[in-house]
Structure formats: structure tokens, C-alpha cells
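What follows is a set of notes on a single structure, which appears directly below.
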Amino acid sequence: MVDRKKILLVDDSSTVLLMERMILSKSEYDVVTAKDGLEGVEKARAERPDLILMDVVMPRMDGFEACRKLREAEETATIPVIMVTTRGELASVETGYASGCNDYVTKPINGLELLAKVRSCLGQ
Amino acid sequence: MPSDPRSPRLVPDLASGGEKHRELQKVNERLRELVASLKSEQERLAEARASSLPTPTPPPMAGSEHGAIDLEKKRLVAELALAREAIDHASAERERLRLRLADIEAENRRICDEYVAVEEKSSELAQLFVALDRIHGALTRDEVLGALQEIVINLIGTEELAVLEVQGDRLAPIHTFGVDPEPLRDIALGAGTIGRTAATGVLHLAGRGEPTPEDRDLTACVPLKVGDRVYAVLAIFRLLGHKPGLTEADHAVFELLSSHAGIALHLRAQTARPAAAG
Amino acid sequence: MPRLPGTAPERAATALSGTPDSGGRAQVYLHAGQLAVAARPTAITTILGSCVAVCLYDRSTGIGGMNHFLLPYHVERDRSARFGTVAVPALVEEVLRAGATRGTLVAKIFGGASVIGAFKTSRNLGEENAALARRLLEEAGIPVLDQDVGGTKGRKLIFHVDDGTAWVRQL
């Protein structure tokens, strides 16, 4: 039995969620989704994913805040988070790292790049 | 064996190609071990040959000793010939294995390139599927416009866009994001890049032709058609800072939007609120 | 490929002592997949996760540049600076075109982190990127003066093209 990895996708855009799903569907991952940071944190606690792809600008709770919440809670503190951001600017990326993200990719998502980072994060 | 700078690079580990790649890696490893063992064998034989060479000044000796030495010499010469043969054989084998290794490495690279090309193509198709799904999954005109905006932001990479509807011989903005709608309020069909796109139905991409000063921020102008008729124009202004330019995949998305977004807007026209502009 | 020439006024390079003070240099932020080359005092900043940045500078002319690549090997249909096999030769070519001398070019390599550094397996994107940078620079005959690669943390990097000073902070 292959150890199937679970990935949590957090984004308020259906377009991005669908695109991420399509890219990740090429590999054997279990995918769960959340539509904003708050739901993302809840899902992370409940589902204990192996990796989280986190959007930045979202309603209710943005990606930075969600990341900080994940790092504060013991059960989610070590889950790798890849920030998926429209803003590749210095300040935004730096804030992402300060919030506890492990790596980042910029939108529009490039399939090759995302898969390479996801696999690397999952040790595959 | 020292590390070979030509050593095969890692092929991305994947469900389908991974097995083959691992097999190739195993073969590579076995070949390396074989080459290493042949090398050490060659060195051993070379040492044997060196130690069997006659000494330069043999001391004087009796006749029976000469006979024994001659015999020993002959034996050594025969052994030397055998050793040389073994060395030649090992060298030929090593050369054969070296060529085989080069073949495997080339095959390895080819598979890697093919895999990556398939992966890229697959991403492009995914983009098209997502765009189609979002546009036709929208139930109202506002939802189509919202989907269009999301597609342009997230799949193309810009936060400056406008959708202008053809109304008689004029164009009027029905949706804008990240740009001031004022200068776009009343554009005549055929005027400027946006008006020309509406009049001709031909996709405009920056860098082709001389832009007018007011259009210099325009990256692309996509005619959204219903059949041959241009229903609206999607104007895309500056791309995101980290996006260096449009790609072939972006062009494919534009083509899809051109033939599908117009239809979706047209079909849901009755769902528009009376004052939907801006 | 974007090439961002420095625009700061001519002035003597200010030596740094481990601080990120730009010393009046032109500021350039380098996005992933881009490269920047400057013939005037310029501070190039970037943020690296598993990506790798190669910094080049020519001490005889003060010309230098930086790339920031995401993946090691390019594909036939995409020869952009997102790939190390494109970004490293392109950077060398660009600094030479800007007037640098090959014989006095030196390099520094940064980035290549891995989220799961402690449990690393056969494939590690960050390590692959860093190894590729080292190999390509060796093949180009450019000595690597300094490198800070690997680990599990992202890095903020500021590079002064005119004197080759690099300031790195783990994030």
C-alpha cells in the first residue's frame, strides 16, 4: 500500500482551487480544500495534511494570519506551507516567511514548478 | 571511481516514469561497479606485468641455471602475453560499457525531457479546462464576468483588466478591475486598439504594431465573439511584476475566451442588472 | 529575458560590514525566474526558498549580476531563466556583454533550501538546484568564492554587484 499524501488547498478562488486540483491530480494525492484562511486552519487541525498550499489575499482570514495560527498550534506547527501568491514583491514574500511559510510560488501557477515544490516538500 | 561529471541527472520521480527511471539508475549503478572492477583488474595485471620484467643486469651463472632461467623466461613471456590479452579484452569491454553508459544517459535525458514536455502540455490543457469550466459554470452574467476576471488574474497574471461591450457603433465598459473605467467610458468602434479589436475581431497582442500613447499599457485585447460577431472586448493591461510576458499557453487561453466567453455573456444577457456598468 | 541595468549615479562602492545598507546604490528586486545585470553600483534583492541565486561580479570593472532560478533543467519548449540550465549561462553571457572580463569573474551561490531537510530523500529540489549551479560554474571556469546553500530556511539575499558583497539573512 502506497503511503498517500494529503494536501490541503486554501484559496477563495474556485479557478485556483480547480487549477491546483488538476495539476495535483496527476499524482496520487488526497486533496482537501478550504475557501479562506479560517476554514484552512480548521481543516488543517481536523485533517492533518502533509502539506498546505496557502493563498494570501482571502476573506475572513488572510494567508499570513492563517499561517501564524497554524504555527502557534502544536498539532499543525510543523506542517509545511507553500504560499501561493499573486504578489511576488519583496514585502509580501518576506511577510509570508515571517508568518511561517516554508516556500512560495507565484500566480499564475506553473504546473511544473508547483509539482516540483510539492514533491520536494513531501520528500518524493 | 571518481564521480563522473557526465553522471545522469535525476529524472523527476513520477508514477509512470519513476519505475523506468529507477531501473535505469540501477543499470547505471551496476555498470559503474563493473567498470570499477575491470579497472582494478587492469591495474592488477599491469602490476603483474611490471614485476615480471627481466632485471637489467643478470649475474653470471652456470649452464643448468641458464636452462632453468630460459624456461622461466618463456613461462613469464607466455604469462605476459596472456596478461596483455586480458588487458586488451578488458579495455575493449570497458569501452563497450562506456558507450552503453553514454547511451543510457542519453536515453535518461530524453525520457526526462519528454516527461517535462508532457507535464507542461498537461498544465496547459488543465488551464483550458479550468477556464471552460468556470465560464460555462457561471449562471448569471455577473458570474460570467467574475469568472472572466478570476481567469485573467489567476491564469494569465494581471490585475488590470476591462470588459467592454459592443453597443451599436460604440463600446462601453461593463466590468473593470484595477483600472480607471473613465477613459474607457465611450470608445468608438474602430478607434484605438480596443475599438479596432471590436471592429475587426482580431486578437491584439502588445509588441505587434505600434501602440498609440493611450494604449501603451495594453498587453492584449481579446475579441469575445458570438459566432463571427464581436460581442465584447476583453482588454488586458499591465501584467504582474513577476510575469515577464505572454506565453503560448496564454494565447491558447485567449483563443478559448474569444470563442466561449462571448457566448456565455450573450446567453446570460437577460440576467444582467439594469445598471451593471463599472 | 529582462535585463535591468543599474541607474544609480556613478559613485565609489561603499564597503559593507555585514549590514544591508545600500550605500546609495540603485535598488532592484529580482523576481523568481528573472535575472538582473548592472554596470553601475546596484543592490539586487531577492528571496529564496528552494530556488537558487547565482551572483556574479567582476572585481576589475565592478560589473555584476544575479539570477534566481526555480528548477534545474530547462525543457525544449521553455528556455526561460526559470531553469538553471538557462539562467546560469545567460547570466554569464549578460555580464560579459555588459563589459565584465571573464578572467576576473567570480561567483557566489545562495538558496537551495529544503523544507524537509532533516528527512531528505533521493530527490531534493533545493540540493539539485545548488549542485547544478556549482557544476555549471565549474564548467564555465568561474570560481565560487562563497556559498550559503541548503538547510530548511528561506533566505533574503542582497547582493552589491559593484563590490561583490552579499548579505544573507535566514527567514
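Letters are used for the chains, namely A, B and C, taken in the order the chains are written, and counting of residues starts over at 1 for each.
In the analysis below, a residue touches a chain if its C-beta (ideal position, glycine included) is under 8 Å from a C-beta of that chain, and two chains touch if they have at least 3 such contacts.
These numbers come from a predicted model, not from an experiment.
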- Item | Farthest-lying chain, centroid of Cα atoms versus that of chain C | A
- Report the most central chain, judged by the distance from each chain's C-alpha mean to the global C-alpha mean. B
- Message: If I rank B-C and A-C by number of C-beta contact pairs, which comes first?
- Response: A-C
- Note on the structure: Cα centre of chain B to Cα centre of chain C, whole Å, reads 22
- When the centre of a chain is set as the mean of its C-alpha atoms, what distance in Å lies between chain A and chain C? 27
- On chain B, where are the residues touching two or more other chains? 12-13, 116, 120, 241-242
- Task: Please set out, as single numbers or ranges, the residues of chain C touching at least two other chains.
- Result: 31-32, 75, 123
- Considering chain A alone, which of its residues make contact with at least two other chains? 88-89, 106, 110, 112, 116, 119, 124
- Item | chain B-facing residues of chain A, complex | 13-16, 18-19, 22-23, 26-28, 86-89, 106-112, 115-116, 119, 124
- Item | Footprint of chain B on chain C - complex, ascending | 1-2, 31-34, 72-73, 75-78, 80, 122-123, 128, 135, 139
- Message: Quick check: in the complex, which residue numbers of chain A touch chain C?
- Response: 80, 88-90, 93-94, 97-98, 101-104, 106, 110, 112-113, 116-117, 119-124
- Note on the structure: Residue set of chain B touching chain C in the complex reads 5, 9-10, 12-13, 112-113, 116-117, 120, 241-242, 244, 247-248
- Message: If we count contacts the way the header does, which residues on chain C are in touch with chain A in the complex?
- Response: 29, 31-32, 45, 47, 49-50, 70-71, 75, 82, 113-116, 119-121, 123-126, 152, 154, 156, 171
